[in-house]
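Two complexes are shown next, each including chain A; its partner changes from chain B in the first to chain C in the second.
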Partner chain A sequence: MNYTWNWGIFQEPSPEGVGTYADMLLSGLSWTIATALASWVIAFTLGSVIGVLRTLPSRAANAVGTAYVELFRNVPLLVQMFLWYFVLPEILPAGLGTAVKQLPDAPFYTAVLCLGFFTASRVAEQVRAGIQSLPRGQRMAGTALGFTTAQTYRHVLLPNAYRIILPPLTSEFLNNLKNTSVALTIGLLELTARARSMQEFSFQVFEAFTAATLLYLVLNLVVVAGATLLERTVAVPGGR
Partner chain B sequence: MFAHFDFSVIGASLPYLFGQGMVFTVTLTALAATGGIVFGTALAMMRLSGIPGVTHAAKVYVELMRSLPLVLVIFWFYFLVPYIGAWATGSATPIQVGAFSSALITFTLFEAAYFAEIMRAGIQSIPKGQTAAASALGMSYAQTMRLVVLPQAFRNMLPLLLTQTIVLFQDTSLVYVLSLTDFLGAASKVAQRDGRLVEMYLFAALVYFAVCFTASLLVRRLQTRVAIIR
Partner chain C sequence: MTSTPIPGPSADTPAPSSAAAPADEGLRQGPLVSPPPATASGEAMIAIEAVSKWYGDFQVLTDCTTAVARGEVVVVCGPSGSGKSTLIKCVNALEPFQKGQITVDGTRVKDRGTNLPKLRARVGMVFQHFELFPHLSITDNLTIAQRKVLGRPGEEARKRGLDLLERVGLSAHAKKHPGQLSGGQQQRVAIARALAMNPVVMLFDEPTSALDPEMVGEVLDVMVELARDGMTMMVVTHEMGFARKVADRVIFMDRGEIVEDATKEAFFGQPRSERAQQFLSKILAH
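After this line comes the complex of A and B, so read on.
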């Protein structure tokens, strides 16, 4: 192999004029984190609603939930990204569409919406599985206590379901974090995009990608540690 | 809202979209799924082998692949494979690897990590008594795996393996970052040439949805038929 390693590259100024290559990657890292967190807010909220819809006795609610999940699960994320970014502004009313296109940081908002709606379909499946894994008696006990359906979900079913599905939700969160890299195709300057442009400017391919890889691994470890801590904090004392 | 749409652009580009794009996507999916399942099964067996170094190596590989974004892995291999090739063949300069081979290697190695986890669960789902019975019959480890454990593990895990293949089918659209002409790449090229982004991307979404939705319905039907009744 005749590849010339140069680990000092991170200290060299980047062609952007301000900061070093290391700063460039770290700025990418912060966009990755910002996108992942913002889209998770949508994914978790919407996913919970859709998941609950799929467990309600109402047939219409079920149909809506199922349609949502099937629609968002069966179209590749990249295609969804293009639909939000290129297609949506065109089919909005002309004035609104132009306003959307001129939005500063448009790739960021698009990526957040796209990932939020995409991951919501996965969160919904977990929430549904969590609620369905609870013994039937819990719902009945809620009804017997005179709870309305909403109260049964709020006070009985969801607190239990969320605790059960915390591990799969963690991996959905990690998937969402990794999926932010797909947004580089619409111009979001997240970590992978930054590593890629560092490679293009400096020709130090492997240093750039090694650094990005390590940053992703650290992010993963932090999330897993956080999830473990959360799991311990919310565990029901004396529970399983 | 559809007044300005020009759907004729879709009709005119159908031979290109399916003749080149979809053929590429399906070929890549089929080859990578086959390679991924073979390598993934090997990884699962390594991970369950109980041999200290081997178990650990397989675990590190699977965890590493699963914690990285596919896009980053695609870039890694795109630049790394020519160097590995040069090292393997003893060549002084990085060898030329076509973008297709590079993508195929990437998807095979990446998906193998996911297939490995499925196969691991499949192998672990076989009761211990069966391997014990196989040893009692005098079967070697290889024979036990080939004749007793793996056939059942594959059968139990078939729905999951197929679902993962549908995911792979969707993921192959990411070769877009290497400017390859898969189905989405073909749609995107036509879209940009004719300035018809809306029509082409909506059509691509529709085709992906139709294929994946039908496939997942078939998997669900299969699931009820192949389930081993205990």
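After this line comes the complex of A and C, so read on.
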């Protein structure tokens, strides 16, 4: 292999004119984090609502929840990204479509929406599984005490369901974080996109992707550590 | 409709000293139901009229009719699958039924105009598997419904909850979680949780069936006291000793029908139906 290693490349000025290659990667990392967090807010809230819909004693609510989940989890994420970015502005009314296209940071907003809606379908399934794993008597006990359906979910079912699904939910958060890299296809300058441009400008492909790999790894390990801490904090004394 | 006021602190009960208190103090003196409810009368607290229920094509309840008078203790027994649990769950509309009507303290259960959460808040229910909320402390288990359903201020709800917890002999466990208590202790907390709502009637769905034998007694003791305090009770149970001790009437169910509905004396003396005779001879054989 005819390759010249150059680990000093990170200190060299990037072709953007300001900052070094290291700065470029770190800027990518911050877009990755911002996209992951913003889309998780949507994924968690919407996913919880959809998951609850699938467990309500109402056929209409179940149908809405099922339709959402099956639509959003059965179309590839990349296709969904393209649909949101390239197709949606075209089918909106002309004026609105143009405004959307001219939005500053349009790739960011699109990626947040797309990832949020996609991951919500997966969160929904976990919320549903968590609720359905609780003894039937828990819902009955809440109901028998006079709780409305909303109160039974708020005070009884969800607090227990979330505790049960915390480990798979952590995996889902990590997936969502890694999926932000798909947004490079619509022009979001996140970490993977930045590593690629570093490779193209400097030809130091190994250094660029070694750095990206390590940054993703460290970021995810921080998340895992946080989740472990959270699990310990909310653990129920005496178990369930 | 009666609304039972919350009892004040009773002067004769010692203040709980959680640090020094033994793990399980046993039952304390004093009424579980305070102030005492009106004495037994002919007036029906629960009226069940011609109730039928189906799961799809399968009929689980057939034309069930009975009544529980104010202050009366009625034991419902029968072989498994006879529909006794289903019937008791129809009383507070945990299970819907297709035909007939149930009236609880003057309120029709099957009526679009009935506010079911409000009705259920006045009907205490105790389950086979306790169903305490595992993520909440014992104190929170006792207070959450008082606060969220009845709108009681936190301090008042806490006082009421801890008073009852002391009455069932568990005040040392107020800060623990359900998973840290034995089955019998959990069930006593579950009874206290239901009583904290000042119910006009208590429903028990096989309250001792999931307990280890040595814990059955402590739960039955609370129920016996409750019955002696004049609480209206409908109890699904196989504990015939309890039935003999405190029941006013015994209902025997089989295959979704009320086969026998008799006073305790008549039921244990000479059941009229052959099915009840067979059932009794089986469970009293040991």
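Quick note on the criterion: the second predicted complex is superposed on the first by the 239 of 240 C-alpha atoms of A that agree within 3 Å, B and C clash if a C-alpha of one lies under 4 Å from a C-alpha of the other, contacts with A are read in each partner's own complex, and residues count from 1 in each chain.
One rule holds for everything that comes next: a contact is a pair of C-beta atoms (placed from the backbone, for glycine too) under 8 Å apart; a residue touches a chain by one contact, two chains touch by 3 or more.
These numbers were taken from a predicted model, which means no experiment stands behind them.
A.B. asks: May I ask you to decide whether A:216 touches chain B, chain C, both, or neither, giving the answer as first, second, both or neither?
C.D. replies: Touch partner of A:216: chain B, not chain C.
A.B. asks: For A:87, is the partner it touches chain B (first), chain C (second), both, or none of the two (neither)?
C.D. replies: In the superposed model, A:87 contacts chain B only, not chain C.
A.B. asks: With both structures placed on chain A, which of the two partners, chain B or chain C, ends up touching more residues of chain A?
C.D. replies: In the superposed model, B touches more residues of chain A.
A.B. asks: Name the contact category of A:184: first (chain B only), second (chain C only), both, or neither.
C.D. replies: First partner only.
A.B. asks: Touching A:109, do we find chain B (first), chain C (second), both, or neither?
C.D. replies: After superposition on chain A, A:109 lies in contact with neither partner.
A.B. asks: Answer with first, second, both or neither: which of chain B and chain C does A:74 touch in the superposed model?
C.D. replies: first
A.B. asks: Using the touch definition from the top, say if A:201 reaches chain B (first), chain C (second), both or neither.
C.D. replies: neither
A.B. asks: Quick check on my understanding: which residues of chain A belong to both its chain B contact set and its chain C contact set?
C.D. replies: The overlap between the chain B and chain C interfaces on chain A is empty, containing no residue.
A.B. asks: Quick check: in the complex, which residue numbers of chain C touch chain A?
C.D. replies: Touching chain A: residues 89, 92, 94, 117-118, 120-123, 125, 127-129, 131-135, 144-145, 148-150, 176-181, 193-194, 197 of chain C.
A.B. asks: What does chain A use to touch chain B in their complex?
C.D. replies: Spelled out, the residues of chain A in touch with chain B are 1-3, 70-71, 73-80, 82-83, 86-87, 90-91, 174, 178-182, 184-185, 192, 195-196, 199, 205-206, 209, 212-213, 216-217, 220.
A.B. asks: Can you list the residues on chain B that touch chain A in the complex?
C.D. replies: Residue positions touching the partner: 1, 64, 67-72, 75-76, 79-80, 83, 86-87, 92-93, 170-171, 173-174, 176-177, 184, 188, 197-198, 201-202, 204-205, 208-209, 212-213, 216.
A.B. asks: Taking the complex as given, what residues does chain A use to touch chain C?
C.D. replies: Chain A reaches chain C through residues 135, 137-138, 140-148, 151, 155-156, 159-160, 163, 236-240.
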